[in-house]
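Order as written gives the chain letters A, B and C; numbering starts at 1 within each chain.
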């Protein structure tokens, strides 16, 4: 595209992670990591079921959703068998490992170390009766929607 | 973050609600409400299953999806029991009430009263054979994608 | 809204399609098409299960998700019957045809012909062991997250 250079480059991204499945969490992490690798300022905000990805006791156990996703090419009746989600999860984790995409906990440490700030959404933290100590140490703060907007000054807001 | 103040603050948001489950609708409403509370201009666009949240006869009956969401920590076989979605919905509504987050209808009135404009997407309104009178009175207009982009001038577009 | 004209119009959109169900793919296509019709520059990026929409052998067979979406107003037990997803898919396709919204393959050709560039995400292409020749000819390139950000200069990033 000839006129690409005329445009102002992306300088900052505010990425919201709202889903708690493995395939719901990774896009936001990959986009935050990719931003930092390009020297783009990045922030990650976890809200609703996305909180799963930063809850210390749960973040190692996220699963692929095998029902409600026709792209899995799996009949619902099979997708709902107790072991299927665990199986699909193992498969996806193995493929990601081959691509050097780390597991969620390690990825969050790496992204945080690269300078990306990590926040949890206060409304949903309260709704799920969670406390600061329930989260992994990389979580910088629990913030309100108003604070989210303030921190997003100059950023592209990306809701995943 | 030291250089936060150098950036241009978020002035306006155009929030699209595309899902019809309770947990799919609330993030957009919470972000619109939070924007108005900060003096940020806000617009809400409802499209596809998100229309459920502004259809007069349905907006009081949105439900939590209990299957296809591993973050519910509920085996699919249990999640699909007829009463489970209703149960999860009651639980979420109760928690939201404790946090002073109003039910969908009341929240939409409050957000609209605070100056947020509310629009339905013409293509999906036609697809589902809906009419202006099927919607709650807060819906300002039924608009095309082109009109959506015009109204989004200067805004961050957030697809939820 | 009186002050609409004061704002800078949307000039460019970078739309990410991350879901592989019919109702997950169409919003991004409709937004890309609507942008081009308004003279707004548009790019489409397909990632994760969204790749289904540009895989030559699969793009004609996308299905509506009938479980995990309470807005379908269908008990889970019915939604999981083998024929239900096919039935809901036929219904949606028929309604879209009435509205002159083309099937996925034709829509992608039309959008591409209108000047919208189409990209596949390298990380997920590798994860699913896909190759350039697995995709429909409209796919301009397979690119990294870094390249995505470069190409998104001056654009609103919209993750669907």
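The rule is simple: a residue touches a chain if its C-beta (ideal position, glycine included) is under 8 Å from a C-beta of that chain, and two chains touch if they have at least 3 such contacts.
As the structure is a computational prediction, the values presented were derived from the model and not from experiment.
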Rigid-body rotation angle, chain C and chain A, from Cα fit (steps of 5°): 120
Proportion of interface numbers common to chain A and chain B (over half same, under half different): different
Approximate Å spacing (C-alpha centroids) for the pair chain A, chain B: 21
Residues within chain C bordering two or more other chains: 65, 67-69, 80, 156, 159
Touching residues (chain side chain B, partner chain A) in the complex: 1, 4-10, 13, 23, 26-27, 30-31, 33-35, 37-38, 40, 65, 67-72, 75-77, 80, 92, 95-96, 99, 101, 156, 158-160
Complex contact set, residues of chain A against chain B: 12, 16, 18-22, 47-49, 52, 62-69, 79-80, 82, 85, 117, 123, 126-128, 144-146, 148-157, 159
